[in-house]
């Protein structure tokens, strides 16, 4: 579904991504794990069109989307839950959700119900301004917002960041559920353990390069990974 | 080791500059466009640096600079006009109320102090305001000051709407340079001190700065008063340069002009402000003047050229600079010998240029 | 040699050697608050130049070259503008419209020992204490008194004096009018407005309710129509008076029907029957029509503004002085100016007094003729 | 009682209709690491903000050692709005600005990193030392950088630099000294934020989710780091955290908030086995 | 000292001035709220609209010129955005503002260059300048039309911003452009729409304003532009009703001060003093958004 080939991205003089290649098959959950600063977020931002790559190619459903406008990429069916939530502080919770479906022309009520069902907390707060939500609430909102566009591929940048343990587990359940509904997931997580449990395929990104790949299970039992990322 | 070498370079450069200035001062060039532009450039450099201290380093968006210059210019003029000249200057006010006159240096310092004092007064209520709210409040303050000075009732002191003149001016080109250099030097030292770092932290994030124990009110006030002090001194020197001073020209347009200089030079770069002051003054008042006159090339009239065209071209030049040097001439960088050495050492300076280009194309968020 | 239609002949036929060129500086605003008036004054000078492009010194014919700078009506730009003229090597300077910039540059011309001839700057401070500044027009104390006399003689007793704060011309002239009017026995209500003001309705309402029977409002060309119209709207039916700046046809165009009973003091009367004036008016009008840019700079009309006539005279005085001095040297020309006599289209333009002010003892009082949309000469007035 | 560093009494913070913190009382003792946990939106960060002067609480008071840090009671509009317990108990109003509180010896980090992002790591740390500066503006301007004058201000400036570099070495960030802090990796930024807080010389350190965004291995390193700095700088630590491995391995005591109210409090074991905590927050036991 | 009708007359004058400021301020605050750009050129676009009317009405009838002027002004506004603001989307805020000052200089200087700088009479638009009598007073029709139009426009704009998808997109873009992009919002389009609305309002404002004062100069936009800025801040950045209220407060205060001859020159000063006072009491303006920033 998504194919990234030899992607290189620079921030000024710094080379943040140094030639990564990976694939996301349709219907799967793929996770990218790696240390801080490995270039995970940059990769996602580049796919979403927020950062222009220096070289490399990004194909989505056979369509070359390298360096295209974010709005074009969204219209193709890719959304992203950005790192740090980035919800709109002046918009109410409901408006935040609605704006997630900006490109859609059909009725949103059904999807709103679904999101509220996933996150009952949001329903309670649907008139509160996004900016005053607690960290965890904001994270729920960011995921909900991304779902509203009915994406084919949803990229999530550390969705469990700052969430209570109960919710973290919930989030991974939700990811699975979303996936069951036919949404392909590309996930970045620091909580590598949970991520690899959830994912079909995992890639390990180290200083801008993919160094290892395998199914979630394989990686979870790899000694090196255990030591470096699972804290065992 | 390196430090010493750079210090040597700096001393040599300073000496060369001084020699050049002395040479101009003692030659027929003394009364020339070059000298005029250099004087005004030096004065504007001080004012621009003072605004940069506020806008660029402390993150306080102030549009009151013309008001503080006005205060400085008037304070200087009022205090230093010779007693015997007062009756002709204050022609409608029987020679005015002030019947003494102070030495030039005292007048200059008083100019700064009065500006700083008013900054303190206005700062108490308005420095709590954020961004544009602060901008409009300071802009408004400058307008209030101007209206007060023009008020006929204060005429015996300010001469109301009428021009002030006959105050002592300088005779050597070195004077504005010396005063500006000393003042800018002080600003640079301040920026590099712990207080300067505190100013920068306020620019970066007020909440975090406060959490680091920095008293926002106090530090903003320090920056504001200091900036106004130097704006006041700059205003006084502008009065000396013009040999006359009248409140109606210290409008927001003057503040915008200084803001333009700061931004074109690079917000947060002292060197940038200085360089762009000279360029700006030269460009607006010297180099483009030919555009105002009709010219003939081989008997054919050059189209478009007529009075007013210079200002059109000048506006376009400003736009072009702003559009192509988004972060100003210097960005937030300062002049450094290290950078220059690197530039020269790289083969034909290519590498340095390449790096520069990379910087420009950086995608920013 | 009247009205040769070609513009500045000098640049198109560059002189073979620079030794027989003499430069005259035109120090006028072409932008800023007084840009419009400055352009009209400049037109008069350019026309004069086209009429008399050469001058004979020591039996040799010199070509006059005009060097124009824009002082932007701004004191802080005035210094470099003046310096530009000095650097270009001018022998004498003409201008400026707007007294402030003239005062600001006065010392610079004096330091460079280059005489300056003010055409329409009426503030006393321009020439006072400056041995190099001369002026061919009358002064504000004179003008203010003239208008006060005129108003009082018309039987008006309560005057509103409306001036622009911060503008020395406006405030100064208003001051002299008030003084004279009060001395005559009239009473005065003073009011001020800020530069750039467009809404005078409240001011006018208060003046009308104070029961004034005449409004004296020396102000800029831009404010004039606004003042006239809004005064009429507020119900002021009495005369509206002002100084020389109001003699500008755009005011009539812009103020329209409201501009009845408007009186002003002027430097010049285009319908003057004297031969010199007639020749000037005809020639100048032709010259204006010959070029669109000139028309634009004259506000799109062919009317002869008083400042253009003064500009013409100022140039002619300069030429006369150069010829009298038989030198291109600034100080020599200055010395020649001191004793010079010159009768121009606006009357006596020289015979300077100890301050350097011409012996103008007469102002033209004009009114607006709405039917023909022109200024109509009413009477000459002097102070006895 | 003298070994109580922080004491919070009946703290309430209400935003319009939302009672973010509801009648909360707690203590932090000298040398302890105390954790504050609870579901998202329970009011933990809000409690921190009340302590550090960012918010003025609706009711209640907070002591730092034996001094009142903040005290307030419902007044004005709040009087009508707030009808909670102990609303009439307090009559004193003390409100200090965040900088005063920092000066008293409390330093904090932020849930969403707030470094001075276009300044270098070193500058960030230097700025945090500014609160202790002795020289005034003129002294600092004129004397602190002129190498040919030996002055107090100069010594002070040199000392600040020396101290800042030491600190960076101590927290293991020396290689980032001259890097612009905003472009540092996330985990490094978190560490730098702690270093910056330490530079204010606190005796109580408030950490708001220090391990957010860190992988388990990094979290473990952070755990050691917290213990280490606690011992080295003789700190008491009060932290908010969702990483249970971190919380459970180093906290001496734990407070659990839900909907602004304290639902449990005690040692790790007590809290871990508290059914209310499991229901509201922990869920079924970790299976990592 | 004065009778009642005198004060009514002043009040009416104040409301007229206030309404004219309000019309300009609405357009100003739109751009301001969304781009956080102090659009110094707004007043000059307004001035340009005045000259468009003068030149176009010289060749054709008023009723044909009106729509052409509206269109030309919108084109000018959007062109300015394209040329001077869009390339600076990622540059520091200050640079964009400087670019706006540059555009303002350019428009003023070009107008001076092109028109010669003298005031030009504004064509008479009969249905605006026609006199109408209410009670004992005769006023120009625009005195009544302007406030009504202002109110209608405010309601329309508030609905647009609060209730429509475009409005929501505008608010989102105002806060965070890159995240807005992630939602599929084409920020360039949203910003262009904002400029279309802003310039359209400037054009409408210019027709009414210049019909009242009947002349245009190259500097004619500077003062109204500044007043609009003040009004926008007064009411709270980005708040359309706030800007309108601010404009009325300014218009009415100014008028009453100007009626007092001794202090007339303090009318601007007083307005600013009042503004400073209000800001000290309400640091985010009258209707300023509550800071949603959470620490």
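Every chain is named by a letter (A, B, C, D and E) in the order it is written, and numbering of its residues begins at 1.
Going forward, a residue touches a chain if its C-beta (ideal position, glycine included) is under 8 Å from a C-beta of that chain, and two chains touch if they have at least 3 such contacts.
Computed from a prediction, not measured in an experiment: that's the story for all the values here.
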Taking each chain's C-alpha mean as its centre, the one farthest from chain B: A
Chain at maximum distance from chain E, centres defined as averaged CA atoms: D
Inter-centroid spacing, chain D versus chain B (mean Cα positions, whole Å): 42
Whole-Å separation of chain centres (CA-atom averages), chain C against chain E: 36
Distance from chain E to chain B - Cα centre to Cα centre, in angstrom: 31
Distance from the mean Cα position of chain E to that of chain D, given in whole angstrom: 47
Of all residues in chain D, the ones touching two or more other chains: 45, 54, 110-111
Chain C, residues touching no fewer than two other chains: 30-31, 35, 39, 165, 192, 194, 297
Multi-chain contact sites of chain A, meaning residues that touch two or more partners: 11, 50, 132-133
Residues on chain D engaged by chain A in the complex (per definition of touch): 15, 18, 37-42, 45, 111-112, 183-188, 209, 212-220, 242, 244-245, 280-283, 286, 288
Chain B - residues contacting chain C, complex: 31-33, 36-37, 40, 88, 91-92, 146-147, 150-152, 160-163, 165-166, 238, 241-249, 254, 281, 285-286, 289, 292-296, 299, 306-308, 310-311
Contact set on chain D toward chain B in their complex: 52, 54, 97-100, 102-103, 107-108, 110, 114-119, 123, 126-131, 133, 135, 137, 140-142, 144-145, 156-157, 160, 196, 200
Residues of chain C defined as touching chain B within the complex: 7-8, 11-12, 30-31, 35, 39, 42, 67-70, 74-81, 83-84, 86-87, 100, 103-104, 107-108, 111-112, 124-125, 128-129, 163-168, 170-172, 175, 192, 194-195, 293, 297
Chain C partner contacts - residues on chain E that touch it in the complex: 2, 6, 9-10, 13-14, 16-17, 109, 112, 115-121, 213-215, 217, 219-220, 222-223, 254-261, 264-265, 267-268
